[in-house]
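Chain nomenclature is as follows: A, B, C, D and E, assigned in order of appearance, with residue numbering initiated at 1 for each chain independently.
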């Protein structure tokens, strides 16, 4: 990972939601970077702050959220220092595009697909010179490329006339039509059938190659991570606990949480055997313990874990782990 | 029917939950206070009224408000303030009576339509649509013309006129609730139809009915007032705000208080019912998080 | 011995055209949700049923519990055809088999507390209530059985997490002490760690209570982990069925293998990126012949015309002309 | 869409037949001997006989029902009991006034309601929002006849700004508009308040939806998102209310017409009911019902237009 | 509106109480809505002298009555033209106008010419009415009232009756112009009696239907309407306004509290006597009629033939309370205890208030009265069946005593007393055949005395009407029957 090929660098980013029941620290001092043309996975259980990360990058957080600190360097420009207008003009839907979590509801139900695509294109710098007809042609082309049959006639239809998989294709078309340098894909295949999921994943892979796009791929499904990503960050309760090339995550998981997750996957162990689980529940974000967030559920926890928050530290080349007990654990693994 | 101690405490807990949500809503206090005043004044009218509302004295007719007659006197020299207070009773009767009738009829017909389906469903839907085909006030007027104006008739007519709202809501909700998994779940544990209807479906239909009826209490008061204002409503010697509005109308220029007082009562009561029902709507929505109970999320041990 | 047996089950839904539709010349449409499914579940084993969304898995489950009326076929429970059971009989049968719903939260009445939900079966079946010493204790026991704390008793469904709601559904099913538990996607939408906990719970319960499972899922990892026997459905029909290990080791039907290969991590050896093209056709007009042929790489002429029968190949049944 | 509209139309047939049956049976349900009430003590037996024939009381009821429905299908609503004027003339004479009143009140309510709803949702939780919310709550809770009375008292009698009577000089548009101001505003306020509340909450709800996040993430200008994407979606529940309001306002017009002494269907009906003018009651109620049903149908269809999903259900 | 008025300040705007139903005279429905306009458009052979019930020549300049009272010869005014191009008025028009009423028994005013055999056209300007029997009401009501108005035979035949009713053609001072919501008339420049017009007589008259009394009053106040009858209660508001004139006239219907004589315990004359004292018209007039009406202690009003000048008034003060208690005791209700009476009333303000006052008056004597307010239909039904002990009733009148007294004959459909007397019946028969005014007077008084003796009612009043006149109106002439006479000195202020 050479510095000059870095397209996105997130540095010490913290975000809090202020709600009636107190403040929830959804992101706690997270740091990672994305290289050009890289597919970077972000994995974690529900509520760990994955979507918040993506929304923070585009600064489309809800009002209740507040960015507490950090930098988001995109192509060397700190997005957090830009004003709303600039971000809107130059980044959203231009340099960066995003596919949000819920395909069923990601498109506005009362406008045709064409209307929505064209509005996105009108906003995009690449299409300023085109007239409506040309834009329509381009949109149809894009839809066809994303595997929508008879795109010409279907472009005039409303979202509810598409199946879930096709909606996701439309979303991808919308994302790629912007020619982005970075795509934020927030669980694009959750709630789809495995066969459809496979189709979408393949489509994504192909398009990334074709459009030279970097991808931040968010999912809670480790097996998908394994399929598509080059590198992966594991999130737990607002922290990144481990970053590593994807293969290493599976072959030599560093953090106890990562290990737990991988062992949990049914089918990987023997049939009918009791699956290993991670005891307890994700800590409540409103009152986090002072030390390691995972301490409660960790079998290897020690005093130090209870007092201090571990920071990401390089464990191996390109492999970072936030755990005080890493050394001990890795030696244990090697022993086995 | 006996309520077990456990059932009682459970009920108490549920109500406590609703109340705790409502407690955090200003509308509860505002609407509740207005409704409280409404009911309180109506029920205690004989104690609160300074004069006999029926006592006439033509020599003191049409007096302006004074210390003795807080809202002046009407054309027969009766104390308007006392009459307004007694009129609360009419409004209570009309609003609660009318809504009660339409709710009972609506629930019965609505569930029947959803339950039996087919011809009966279509016939009942047609009935609802026929009633709904008339602008309400015009249907009310024509029905009053048929049966003649009296409190009892008006209550019944108002009830019939808005009944289709409940019938349709209950029908639609019953149909959609019927499809819910938890109703199927009740079937799989062996519950029979009446049980499903009364234990699973109706309780889930009821909240919409409750909220609607809160709004309709306001409409009832409005329609009665309008009807009486046109002279088709409550008949003397009983009096209602609408009737007082009508009486005062002729004196609007020299004695505007004669209409302002009843107009105020009508508007405030309607305001009370509509705000309160909005707050109930919020509380009964199970998705609204109760500020008290959202504390800890203890779970699997 | 087979606890339950389904023989050539057909369930068709009619999409009723309303009176007005009919006047406008629209006739009712048939949805072939389940079209000739046969399966046997030996007592105390788990039968896994997989397939894409809309292929009729839930419908099989629902007909087993007599929640839908099958067009044709037999459902034999302990040697007795229960399709024509009368009301009394149905009520009793329902105690013997229970359903765990696909959507955990919506299967719980939003206006009832967990406690009330668990009490309902005892109110419906007075003899059940008589058989327990104290209702209160019994409910505590049920909560314990599914690893829920006592405090959960007074909560409303929406106040539970998905995993917890699922447990209440399981506890309700167990309160009737059934023999057969039909689990309709019991791990859908759960995070991995919670998913594992639920699976563990189910396996434990099966052993403790001698339960028989019909396990519906489209998560192949889970099915692979838990099921003894496996059935693969496509568009209302059984494509392949047999011993779970056997099929997972070597799927014969093109659909089965496509399904497995689409599912990341199930067939870890094959690293080539395989994608099954197209979407499931509408069950209103299923394709003629083999219903899978439009998406099948190996489709032959015969597949377009003739519906393949299930035939025994290598210790399992496959419906495919490739093996004729 | 066409099919949906057609379906709604077909269902109208039995509904309207039901309405006709009700109107028809009013003849039998009204208390008292119609001849006595209508003709008074001077009636000769011949006049009574003629009256009964006119009301269809001379035939067994099934026959007169058929005759009644037949006449109506031919556009013949009968003649006013006091002879001489066909009911449809009476109605046509006043109907334009009612329609004008209802539509202009509707127009005002929609403009005010949607406008205020949007403003207060755009400035959520600011003072402006609070002021609008409170004002609009008051509007919605005061019945329109009270507004009308207050308007007459204040603007017409005290200040003399507005006329109190009539619909304005026929043919003089300016004068007619001048006469419309008071009634239209009084009629619209209640509904405007209602619409504003619905638009506000619907708007706020829509802004929470996932697709708004999508639109934001693609950098569409906030004004486009707010006024195009969110509004069209948010307006949907308001549309139902708006068109429903057309019916409500039609009902409310009864009071307004009486109080402002404006010619109109409501006024005609109230007078007819007072005078037991049965054919006029029946004809007037029928026309009111027709308009009402039409308004409701319009509501359903415009609802379908704004929510494309409905058409296919 | 102001603009319109400024544009044309010789337009007189009058509010009618309701929509006009017809402008064909014998089909008149209500005097206030239809009659007012008909009298502007049509003339009769004779007419009431302005402000009185005295007869003066109209289209007939003179007439002769035969000795047997069965032949009346009219000498018609020459050169009178109908409106539009309908030519000169002749005896043919008289024949046509009257015979169509006499021959068709479905015409509402058929009774007005019940005994008319034929109208003989002697020449263009002479017409003779041949009667089967003498008709007492001929000169009191038939001829000067609406039935006697002359229509253009040519116009009716050309247009057809129904159409004519909406496009009337007469000889009167104003011509029919248009009828949308409003009815518009314009001055007939060829009117035969040019003297009727005075300076300020309006060029145009516009009748606007306004059913709400308050709206009428307000409209006068804002000068949108020039003349309107308003409610009694609005008198004070109007008087307080500058520029608005208020005029009060007597109503034309007799109000009474009806005693249903055959209904237990009202069949006891002592009870009826007690009630007649207890129910005091003074309070009712003060409360229900805003103190504006005159007390009338008998059936017929002072302007009418048959007025009983010395009719006794029954007031408690005259006889003392003890007398009443005694009457009640004789009726079986010592101290009034246990006496519960039912009372019907209608929905109008006056009726409602009257009933409430009576209820209150009875309560002073421990008599409990329940009020039932009914719609017109139900009210008439219950009155005809005598279902209530008491009733608040009113009948409208004409100047004809025969008409006004007919209802109380035995067994009459409209005899609300549920009472009968042969003597009364015979007197009425005689009255209806009497033409001489003095004789009529004598018989009618005799009849009222019978009613008085039998104690059937507390007579109350003829009611009152409050008229608001805008600042534009200088003077208004109104008939005793409350018909406004437009050209005759009802004049507008000059600007």
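Going forward, contacts are C-beta pairs under 8 Å (C-beta built on N, C-alpha and C of every residue); 3 or more make two chains touch, one makes a residue touch a chain.
Fair warning: this is a prediction, and the values are worked out from it, not measured in the lab.
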Shortest contact path, chain C to chain E, counted in steps: 2
Chain located farthest away, centre of chain B as origin (C-alpha): A
Chain A-chain D separation of Cα centroids, rounded to whole Å: 53
Whole-Å gap separating chain B and chain E, where each centre is the average of the chain's CA atoms: 46
CA centroid of chain A to CA centroid of chain E, Å: 91
Multi-chain contact residues (two or more partners), chain C: 197
Where chain E touches two or more other chains at once, by residue number: 375, 378
Set of chain B residues in contact with two or more other chains: 145, 148, 231-232, 249, 252-253, 294, 297, 299-300
Complex contact set, residues of chain D against chain E: 30-34, 36-37, 39, 41-42, 44, 46-47, 50, 80, 82-85, 90, 93-94, 97, 152, 156-157, 160, 163-170, 172, 175, 178-179, 258-261, 263, 267-268, 270-271, 274-276
Sites on chain D touched by chain A in the complex: 209-211, 213-221, 224, 228-229, 232-233, 236, 306-309, 312
Contacting residues of chain A [partner chain D, same complex]: 55, 58, 60, 87-89, 91-94, 97-98, 100-102, 105-111, 116, 119-120, 123, 158, 160-161, 171, 174, 178, 184
In the complex with chain B, residue positions of chain C that touch it: 19, 62, 65, 67, 90-92, 94-95, 98-99, 101-103, 106-111, 113, 115-116, 120-121, 124-125, 147-149, 151-152, 154-159, 161, 163-164, 167, 169, 172, 175-176, 197
Of all residues in chain B, those that touch chain D in their complex: 126-127, 129-130, 132-139, 141-142, 145-148, 218, 222, 225-226, 229-232, 245, 249, 252-253, 256, 259, 263, 266-268, 270-271, 274-275
